Structures are given as C-alpha cells and as structure tokens.
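Sending over a structure as structure tokens; questions will come in a sec.
Note that the chains are named A, B and C in the order they appear, and that numbering of residues resets to 1 at the start of each chain.
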Amino acid sequence: MVLQLLLNGLIYGSIIALGGIGLTLIYGILNFGHFAHGDLMTLGAYLAYLFTVQLALPLPFSFVIAGLLTAATANLLDKILYKKLEGRDSVTIMISAVGAALIIRNLILMSWGPQLKFLERGIEMPLVFFDGLLRITRTQIMILILSVIFVTAVHLFLSKTKLGKAMRAMSDNTALAKITGINTERVIFWTWFMSGILTSSAGIFLAMDTHLIPEMGWNLLLPMFAAVILGGIGNPYGAIVGGLAIGISQEISTMFIAASYKPAVAFAIMILMLLVKPSGLMGKKV
Amino acid sequence: MTISGLLSYLIFFLTFAGIYAIMALGLNMQRGFAGLFNIGIAGFWAVGAYTAAILTKSPSPNHLGGFNTPIIISLLAAGIFSAILAFLIGIPTLRLREDYLGISTIGIAEIIRLIFTNEAWLSYGVRGISSIPKPFRDIFGQYYNLSFLALVLIVIAIFYYLSEKGIKSPWGRVLRAIREDEEVAKASGKNVFRYRMEALVFGAFMMGVGGALYAHFTGFISPEAFMPMQTTFIVWIMLIIGGSANNFGVLIGAVITWGIWTGTETITSMLPAQYVTQAAAFRVILIGVFLEIILLNMPDGLFPERKFKA
Amino acid sequence: MLEVNNIRAGYGEIEIIHGLSLTVNKGEIVSIVGPNGSGKSTFLKSIFSLVDIMDGQITFQNEILNNAATDEMIKKGLSFVPQTDNIFPSLTVHENLELGGYISRKKLKDRLDLVYDLFPPLLAKKKKRAGTLSGGQRQMVAFGRALIMKPKLLLLDEPTAGLAPMYIQLILDKVKAINETGVTILMVEQNAKKALEMSDRGYVLAAGVKKYEDSGRALLENEEVAQLFLGG
C-alpha cells in the first residue's frame, strides 16, 4: 500500500517537478508568477494527442513537435504580452498571465471539446511485484526513466553550459547579470523556450499516465507553485525536490484523508511553508 | 420585444451587473487601493452564497439548514464568513510579496469548491442547494425583480459610501502610501500588515455579501453553477476597464463588462445547439483577448485614479 | 582616460547629480567621498549607464560613452562593482568568476588563474556557493568577477561597506594591489580618510554637486574638508 502510494507519488511528483523547473526559473528571472504555466502544459498534451492519435504519427515524433510548438507559444506569450508589460507592477503582469491561461484553455476546449481523451488506446496490463503490493505499467516505467533523463539533462545544462549558468545567475541577481554583460534578452528567450519544452513534456507524461481534459494543467498549477515555493523561488533544484515532496505527500495523504481532498494537500504544505520559512527549503528570495 | 419585456430584461441585466459591481468594489478595495492580488474571488463569492442559502432556508433533508434567518442577517453573516476566510488567508501571506496571496487565493477557492462538492451533509454536493428564499417576494409580487434591484442598489450605495469615506480618510492615505512604497511606509512606523489585512477583509466582506445576493436572486447554487475562474476573471476585467482605484470607474466598468459579456451570449446563442460548448469557450477567448488589449493599451482604464491632496 | 563633463543624472524625472565634472588619468586611484545620500552611487552608476543621463558627456579614452550598451563598455575596458548585491549567491565562487568572462572566453583559464593568484582564499572555496562566504571573501568574489575581463578602469562602489573592521584594511590593500597591476581605479568610499590616504586624487560630493577636488593628501590636510566631511 505505502509502496504503491510512494510510486504513484513519485510519478506524479516528477510531472510537477518538470513543470516546476520552468515556473521557478521564470519566477526568478522575470520576477512574476506565470499563471499560464499549467495551461501551457495542457497545450503540450493536446498537441501530442493531435499528432499521435488524430494524425497517427509516432509518439516520439509527436512528443518533440508538441514540445517545440509549446515552447514557441511560450515565447510568443512573452513577446506579445509579458515583455510589453515590463515595468508595470507585477500584479498587472500576473493578471495578463491569468488571461493567457483562460485563452489557451478555451482554445483547447473549442478545438477538442470537454470529453476525456486518451493518448493510448486500450488498457495496459501492469507488471505486478511483491504479491500484488506494487503494480506498475510499462508507460509508468517509461515516464520515470524519461523524467530522470530530463532532470539530468537540465542539471547538466544549468551547471555546465554558459547559457545555463547565465540563467541561474539571472535568477539570482538580474541587475548584476546585466552589469556583467550577460545578454539578458537571449537568456530570457531560452528560459521561455526551455520551460515550454519541459512543461509540455510534463503534460504529455500526465496524459500518458491518466488522460486528457482541458483543465488538466490548470489543476496542476497549485501543486507546481507549491513545489516552487517549497524549494525556494528561482531555484530549479528546489523545484525538483519540492515537486517530488508534493507529489509523494499528496499520494501518502490518502491513507489519512479522503482522496477527494488530495488537491488540498499541496495547498496545506504551501501555507505551512509560508508560515515557517517563506524563503523555501533551499531558497533565498522572499 | 415589447416595452415591458425590454424593461424587465433591463432590470434583470442591471441586477446581475449590480451584483458583479459589488464584487468589483470589493476587489477595488483589495487591488485598487491596497495593491493586493486576489484571484480567488469565486471562493469568497461561494462562501457568501452558501452561507446565505443555508441560513435562510427552511429545513431540508438534503443539507444543513432550517435556520430561517431574515435576509438582513444572512447578508451580514455572508459578509462575515467571507471576511473570516480572508483573515485566515491573510495571516500567512500578507507579510510576503503579492504573488503569495494570489497563489493562496487560488488554493482557497479550490478548497472551498472541494468542500461544497464533497460535504453533502452541508451543501448537498454537486446537486447544489435550490429553492433559496427570495426575500420580500410576497410583499412586492410582480415587482419582485425591481425590488431586488433596489436592494442591490442600496447595498452598492452603502459599500460605495464606505469605500470612498475610508479611502479619503487618513486610513486610506496610509493604504495607498503602502501600495506605492511599502518600505517608506514601514520606515515611517506604519503597521503595513494590519492595513493590508483590513483592506483584504473589508473587500472580502463585500464579496461575501455579493455572493449572498447572487444566491437569493438566482434561487439556486452549486459548486459548478458559476464557472469559478471565469467569474473571477470577469470581475477583474470590470476593475481594469473601469480604472483600478477609482470606485466610480469600477461601477461603470462593471456595467460595460457585463454588457459585453451578455452581448456575446446573445450572439452565440444564435448558433446551432451542437456548438454550444464551442460558443461558450469562444466567449471566454473573446473577453480574454479584450482584457489583454486593455492591459496593453489602456493601463489606467477609463477612469484613472483620482489624485487626492496629501 | 575618463572625462566626465558637466553631467546631470538621476532616476526618471528626479535629478540627483546636478552638473558634475571629473577626470581620471591612467594609472590613478581616484576616490569620491561625501555624506550618505549625496549621490555618489548615482554618479558612479551614470558612468556605467545604469541611471538616466539628462545632460552632459562622458568620454573614455576619447570615445563617447553616454548610454553605451554594457557589453560594449566591458569590451572597451570598464568594469563595475556595485555597492550591494554584487555577487551571485547561489552560484559557486568559480561560476561567479567564470561569468565575469561571459562576453569573451578567450584564455579564460589564464585570467581565472590571475584572479585566484590575487585572492588566494578564493581558491580553497572554489566550489562553495558564494552566498555562504564571509563578507570580505564575497567582496573578493565581486572584485574577481569584475577583473576577469582585465579592465583598464575599475569602478568600485563602497568596497568596504558593511565589512568587519578586520577586513576593511585587507580589501583596501587589495584595491591598491589591483591598481599596481596597472588597473586605473575610481572608487566611492565611506572610510574617507583611509581612502584619501591611498588615492592620487579625490573629489568631495555633497547634494549632487562637487564641493572639493584635489590630491588625496591635500584634501586630508584641508581643515574645512576635515571638519565638514571627515568628522574632524
């Protein structure tokens, strides 16, 4: 039971973590909460649905194209909205993100309707371990492996490449990054791009593990923000740890409270964190 | 349409616009004057609506109720419960940057929705609460809608008066000073947390009362009856179009926005029935694009904030 | 090397610097002193195009510098160390220094070695997050980041602000040492006496205008200056 919940939490947590990395970097670098992040995730999932199911293209190919298109959408939002609102107060920028979120979600609703959709047809037989104590599908194994690969790639990018270090630097101290001669526009562009790819991947994983609905990403926004705050705003490693912690706690919580209240767990953890240590477990900015 | 038909539609329209205007006045207190970020308006609205419904109904086997309280009490209680919720959410967030409040209000709105969906003993779950009493129906008879509009207008007048009075008082001056520069206000010894909390709570009180009026007017509420995020968003548009930190502007913004919103419904309702989902989504897209255009091109809205003498 | 001619600068509409001129010659240490809030930081920032310049001209090696892009200024040989928040706290010491070479990585390794030679304590803390260092060591990181591009002119804003007394002299000695490697220095300093002692020339600022300008020694001996600005 606990083992199964841990596993479910790990999968769910990886999805939150992948989305959270982009959310926290945008937060750190541009200094606002990107409330359309969840709906970008939904967009990625539905684009993958379009390519794999409707156009019958191979899943890996769809995965990449959906990621690129979601990234392009993220860059577009920055170009036509957030960049133009630069210098205005952060609430204005955030409400424009809420607007963007509603627009994206309703475009999806208009194009694909409100019904549940599935990326894969048929029911997959899970592999059973420990006399039925642990069940895991091949899809879930793949999600876990790919998540580890993604997180490792992000880590290598952030710690080894010039652009990655510049991203972390900007997230730390934007003014100093400018003084250092870092091309901040370029860094911002690639931050949106990378966030788009990651959040799209998270959305596709979620769709593979469960199903697609137009609210899927919006429902993950709160857990993602909770993960970001838990790990410290602007800290991508914090978002990964935070994401896993939130995911696992939500699943484990079902041993003690009704499963229908699962979404409240992320909220409760976030509020607790704000009361105890608002800068997050690994963070600095408040 | 006949003259009387037109008139009754107008009354209906103005009543809804008025209820939304109350929400917008509440948001203006929070965002306009205090700079607070509340995107969980639906949560406060729902708490107000359910409080009023549960308090005023006669006993029902389906959910909590049977208190038969008069409407004036239910309105006050709706405001108070909503205010208490705001107080609780303010404690962990108001000392921190504005985004935390925003995120937390989304969370609280979601939890409120979960509670009203799952706790059937309280609220009859997704089936919602129906036959919510319509106050004074017996007295006013066929003029009931008109009398309800009058009630809404009275509530607006009271909140408008209190808001304006508050904002022109020394209290309001400090509030705006905090919004402009928190550090300076802190340095001059102001208790920033307290002022923010008061604005948040007062704004939430208005939203709760607005929710109660909504419940009484429609007679039915359920967790999904009104789209939470959409509702919140429309109130924000009212504020932004009218002009943040200008109560009069916000009232005008409410009427204009409600006009556009219901106007798009009139157009999309002409579409064949199989397109009803698409049409509803399309309306939200339209109003979303409209908001972005306003944000980009009209930062101060129709009625910019008036400059008060210091 | 640097000529500032009758500059007016500030934030948006607010003018803080009201027509200030200053010269820095190659190889010098020049200090700007003055009371808190007199506009020293603003003035230094105006040279690095970090505030709005309303009027006047800045030339560096006979080229106009007004509103130049940051990477251009760095290429021309300027570096700036801000008064506060002058490191990337969550990056390692080594990453902080590397980023100093963001716009050109040619022979970065050699330049990094030079900085470690100048600040040996940093070598042992190479892999530590800069935010975990002591105040004095943070300042070394900040200097190091600015020195990676081998600037001709280094702008330092209060390098000893907030440091423990034991570090103040150490950091000022480092400034001297940097100068001796051929880097010209323009710095703002709160420890006016100490700064003027080691400076070739100094400027005294008050309320955005220049009050005195002389050699460091002469300013120290000037009784008026001593009374008004150096605390007797």
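As a convention for this text, contacts are C-beta pairs under 8 Å (C-beta built on N, C-alpha and C of every residue); 3 or more make two chains touch, one makes a residue touch a chain.
Heads up on the chains, UniProt names are A, B = Branched-chain amino acid ABC transporter permease.
Just so it is clear, the model here is predicted, and its values are computed rather than measured.
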Most centrally placed chain - per-chain CA mean versus overall CA mean: A
Most widely separated chain from subunit B, with each centre as the mean of CA atoms: C
Separation of mean Cα positions, subunit C and subunit B [Å, integer]: 53
Distance between chain centroids, defined by C-alpha means - subunit A, subunit B (Å): 31
For subunit A paired with subunit C, centre-to-centre distance based on mean C-alpha positions, whole Å: 42
Of subunit A, residues touching subunit B in the complex: 32-33, 35, 81, 84-85, 88-92, 94-96, 98-100, 102-103, 106-107, 109-110, 113-114, 218, 221-222, 225, 229, 258, 260-261, 263-264, 266-267, 270-271, 274-275, 278, 286
Touching residues on subunit A, where the partner in the complex is subunit C: 162, 165-166, 168-169, 171-173, 175-183, 234-235, 284
Of subunit B, residues touching subunit A in the complex: 31, 35, 37, 39, 91-93, 95-100, 102-104, 106-108, 110-111, 114, 117-118, 229-230, 233, 236, 240, 277-278, 281-282, 284-285, 288-289, 291-292, 295-296, 299
Partner subunit A, residues of subunit C touching it in the complex: 48, 50, 70-71, 74, 80, 82, 85-91, 95, 98-100, 102-103, 105, 131, 145, 149
